[in-house]
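Each chain carries a letter (A, B, C and D) given by its place in the written order, and its residues are counted from 1.
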Amino acid sequence: MIIQLNDNVTKKEIEELIKIIEEKGLVANYVVGEKTSVLGVLGETNKIAIGEIESYEFVKKVILLQEPYKKASRSFHPEDTIIDINGIKIGGGNTVVMAGPCSVENREQIVSIAKSVKEAGAKILRGGAYKPRTSPYAFQGLELEGLELLKEARKETGMPIVSEIMSSDLIEKFVEDVDIIQVGARNMQNFDLLKKLGKTNKPILLKRGLSATIEELLMAAEYIMAGGNDKVILCERGIRTYETYTRNTLDISAIPVLKRLTHLPIITDPSHATGKYWLVNPLSKASIAAGADGLIIEVHNEPTKALCDGAQSLKPEKFKELMDELKILGSALNVKI
Amino acid sequence: MIIQLNDNVTKKEIEELIKIIEEKGLVANYVVGEKTSVLGVLGETNKIAIGEIESYEFVKKVILLQEPYKKASRSFHPEDTIIDINGIKIGGGNTVVMAGPCSVENREQIVSIAKSVKEAGAKILRGGAYKPRTSPYAFQGLELEGLELLKEARKETGMPIVSEIMSSDLIEKFVEDVDIIQVGARNMQNFDLLKKLGKTNKPILLKRGLSATIEELLMAAEYIMAGGNDKVILCERGIRTYETYTRNTLDISAIPVLKRLTHLPIITDPSHATGKYWLVNPLSKASIAAGADGLIIEVHNEPTKALCDGAQSLKPEKFKELMDELKILGSALNVKI
Amino acid sequence: MIIQLNDNVTKKEIEELIKIIEEKGLVANYVVGEKTSVLGVLGETNKIAIGEIESYEFVKKVILLQEPYKKASRSFHPEDTIIDINGIKIGGGNTVVMAGPCSVENREQIVSIAKSVKEAGAKILRGGAYKPRTSPYAFQGLELEGLELLKEARKETGMPIVSEIMSSDLIEKFVEDVDIIQVGARNMQNFDLLKKLGKTNKPILLKRGLSATIEELLMAAEYIMAGGNDKVILCERGIRTYETYTRNTLDISAIPVLKRLTHLPIITDPSHATGKYWLVNPLSKASIAAGADGLIIEVHNEPTKALCDGAQSLKPEKFKELMDELKILGSALNVKI
Amino acid sequence: MIIQLNDNVTKKEIEELIKIIEEKGLVANYVVGEKTSVLGVLGETNKIAIGEIESYEFVKKVILLQEPYKKASRSFHPEDTIIDINGIKIGGGNTVVMAGPCSVENREQIVSIAKSVKEAGAKILRGGAYKPRTSPYAFQGLELEGLELLKEARKETGMPIVSEIMSSDLIEKFVEDVDIIQVGARNMQNFDLLKKLGKTNKPILLKRGLSATIEELLMAAEYIMAGGNDKVILCERGIRTYETYTRNTLDISAIPVLKRLTHLPIITDPSHATGKYWLVNPLSKASIAAGADGLIIEVHNEPTKALCDGAQSLKPEKFKELMDELKILGSALNVKI
């Protein structure tokens, strides 16, 4: 930790600060420059709250040098984490495509989509039972019935299922019913939910918040891991920027950056990132080319009748085309898709 | 609702779309221009999902003309809503300052701060019992004990209390213990929590999410109001932008914009918006000058020993100074503070 | 300057880096912590390019501690700069309102607006002769004729004039004709223009770029000042964010932040920041309450016939109302308007 | 154009507005809905300034349906534009890599880098002679001498050269000396420069501004094309967002979006977008996979001694590796690199 001091700091103030730091068992080195002076603090610096130091009026700035996350950090765990979902591996070179409708609507719809995405090469079935909608008046999902239908689709196809949780009350139910529990972008910092998921043993698909930094995404993963559950799959799904042509801006750089900072698998969601079906194909390819461990893609047999987000859903035949193109791309990149 | 069609749309496609719209009991007017053609849709357009229309390949864009919120809208409720908290009114010309520490730390701290902010002119006591911290390793608040201490401070001073809820499991407890339940920025779109708070009868202080648009903030309020609870106080607390000198950017324009769009009271939180105590004074004045119905400000007797966010806390004497300046400012603006 | 090194840095690499630093006449202190090690560099650190250091593969991050601007910095020039424009002072407690139409359209228009804003209390007349329009097909201003008309309005009213320059070819002409040369947001980092304006002796009104940080704004001022011209007035005019209700987001915090970092005067432009005339009044008040040294406001006698930006222009009677309110506000704040 | 009216608009006001619209030779259809009423305007709607309409107090919002650009629009020019630079084609399926140092430093440096990037497969040599630096105290480029050295490198290798212009005074010189004139991000809306470049016949490499929307980028291209020069190559180089881990955020979606909206070639600049050399490889691949017509990449033989931006420069051997990987990737995508 580096503490930059104001120009007019007094000797007495510096001594006061050093004393406080030392009382916490840390070492403070005072370095005076021509124009600015700093304290370099060594030791377990997370014992000190930044705000505490910054609230001294003679302190100009506090700079943290250590990453605030541990269990999620590659420095503490150099090898890629590989997560096994009923025999399907993700991470460490294993690339997985998850696909399915935005929301589960009825038995026929979910089973038929499940079959067609499986045939095209998807390994995991996605489907929303509880839907986070901006409007309280919009369709909120089939809820418990949706989970039942997903289970039927799993039975018919053998595909593991991933679905979004919106309330910590339902954790037990989700643990029982689904294979991966999804935490949506809007709940990325719902710390109550994260803590409770950390007590389970289920793989968690954690989506990046709309305006979360890469570090905050890792800290959200850390909340889950701190509780004992280290099966976290990260998902870049577009961040909020000033550009309005696309719904959000897919932060493609986040893929190689996360690969360097963490050992957890990283996938992207090109459907939600852009909100437009015709952008899903190029952004899926770009994600894989940038090193993503997988994709989560919306597929609907009749997008014009979808109860939500039809505009971003691929038809099964377009999804098949994409999968075929991804397989060729994968072979050029030495990645099996 | 305006539906803009692609240049190469066929007559058959247009007829298909008109039929679908009419089946929902709406009227569609087809208008063809020189370079672009549109369908104007009249009636209860929220019966149609935008995504449904956008997923037709011959549709270029769908533009909504009606605001998606109702109960929060000033068109449906022209007069200012005034919320009464144990006799203290907020909204409709009643300006209220809430103040207190970031987190409750011990009996002496909370009672002494409560007394000093009351003396300076604050009407409501704020204090965190449950704290949303970026790191799972940071102090998470005194939790239930914090609520007890807040109640003691209320007993000693008579000030109503406001505190943040982080889990829907605790709604009953909060309804019983506090006078205003705060929903933090990170939970602004925790729809499960909002729905459940809509079933209560408590005033809710709803903070704008870090990257929430003004419309999304109003839709979050609508979630609460749709459940039957119309006692919502909105709070602008800084939005996330590219500027890093301040923690967030206080969107001062949101105050007059919200005043126009909604009848709900609007306050600002200059402490969290900036993260720096020396910015609280000018931004408090700017908020009141722009028409805010109040402020929520962090005050700590010993900021350097605060367990969280000391850097943004005012000392009681600085808070007193600010209140005195606000009173003079208020009189120039015909606002009683 | 703090140089954070990678975990696996070798002794040889550190020695290499220290040698390079010392060759530039600087001192490097090596500090090794438990988890991270750093080099603290003392002396004229701006002799080192950050990129040079960052390009060593064993360097993790370079952190600058010194502000990169000098002439614009309050540390080098503690007293407020006061700029005198034909006897009208701005800065150091002198608050000035500039007003006038977006663009000069004809003699009658500019003279009549000039007279009415003067009567209401504006001290300086603004008017665009060259207009930066997003579209090449939009009205680009009356150009040279516009400058002539501005001069006539000055003659009639005695008000100094401010107008925007768009080409360095016209510097001589602008120096001769106007009293303050405005650099628009889009040209804030047109370094060629800034350098050439630095060679003149005219006051410069420098607008913050749409996505410029506060530091970049100060560096743009530094470009002008480095050439010898220290008469720079800074202008906050809204930054680009994800919020689309307003055209831009007025960064009100920038006012007190700039007051702390620099001695130059700071004004705001609420008309361009918001794009809506009904937001000009509350944001003008907020700016003054936050400590701004002035305002620049668009006024048009017939906004519906304005050749540009009519939607954000106040009518003269609304401007008069605003000025009257600002005078009352100013007296509460001990500021003469 | 759709004009949405306020709820309380009067019949007289509507008639007034219709009259104004009809006087401009346009047709206005009045459509009244249950909750909102609109005017649909047909004809050459760019004859009307939006601001003019928006300044009527009874107008709520004006929505443009037509794209504001013409010459750059794919609707007006459906086939891809192919630009020929001394026999090297870009666009319409022709993919080109440009490479070279951030700035030209000396003869040996530029010639040796030119040779090595050519050997690796780059087709065009980049090199800065005039450098837009945030600080007036930083190295500003070798200027005219830099252009001479670039010409020597072209002579030695036969590679066309691209270099950034910063002042319209130098257009004649650049037209004579270089093969592609680059307009940097900071000058994307330097309309004076764009207009003057529109009068030349040189290919222009137009970089997207740091906070420019896709539409604004196309409008900047339109400025050049309106002058008669339709040889514009667009370049996505990262936009400014709240994420600070990377210098900017490469907006990968802009590639397929621009492919749909315009016929002009689109390349990306992964070096400037990220500011980190180790991100250039994955982002180059992602760009090509998303459909980019090329790349512009910084290469330096001794990044640690580069006079600018060393941290983002690839060493020649890393560039060779990247080119080899891109060739394999290209063959999977049916793109020749």
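One rule holds in what follows: a residue touches a chain if its C-beta (ideal position, glycine included) is under 8 Å from a C-beta of that chain, and two chains touch if they have at least 3 such contacts.
Bear in mind that the values here come from a model prediction, so they are computed numbers and not experimental data.
Touch-path distance (fewest steps) from chain A to chain C is 1.
Ranking all chains by how far their C-alpha centres lie from the centre of chain A, first place goes to C. Per-chain Cα centroids separate chain A from chain D by 31 Å. Centres computed as Cα averages put chain A at a distance of 26 Å from chain B. Centre-to-centre, using mean CA coordinates, chain B is 39 Å away from chain D. Shared interface positions of chain D, i.e. residues touching 2 or more other chains, are given as 211, 240-242, 244.
If touching chains are joined by edges, the resulting network of the protein chains shown connects every chain directly with every other. Here chain A touches chain C in the complex through residues 2, 4, 7, 29, 31, 33-36, 38, 40, 42-44, 61, 63, 65-66, 75, 211, 240-242, 244, going by the rule given at the top.
Here chain A touches chain B in the complex through residues 46, 49-52, 54-56, 68-69, 132-139, 166-169, 186-187, 189-192, 195, 210-211, 216, 219, 222-223, 226-227, 240, 277, 303-313, going by the rule given at the top.
Chain B contributes residues 211, 213-215, 239, 241-246, 249-257, 260, 273-274, 278-279, 282-283, 285-291, 328-329, 331-333 to its touches with chain C in the complex.
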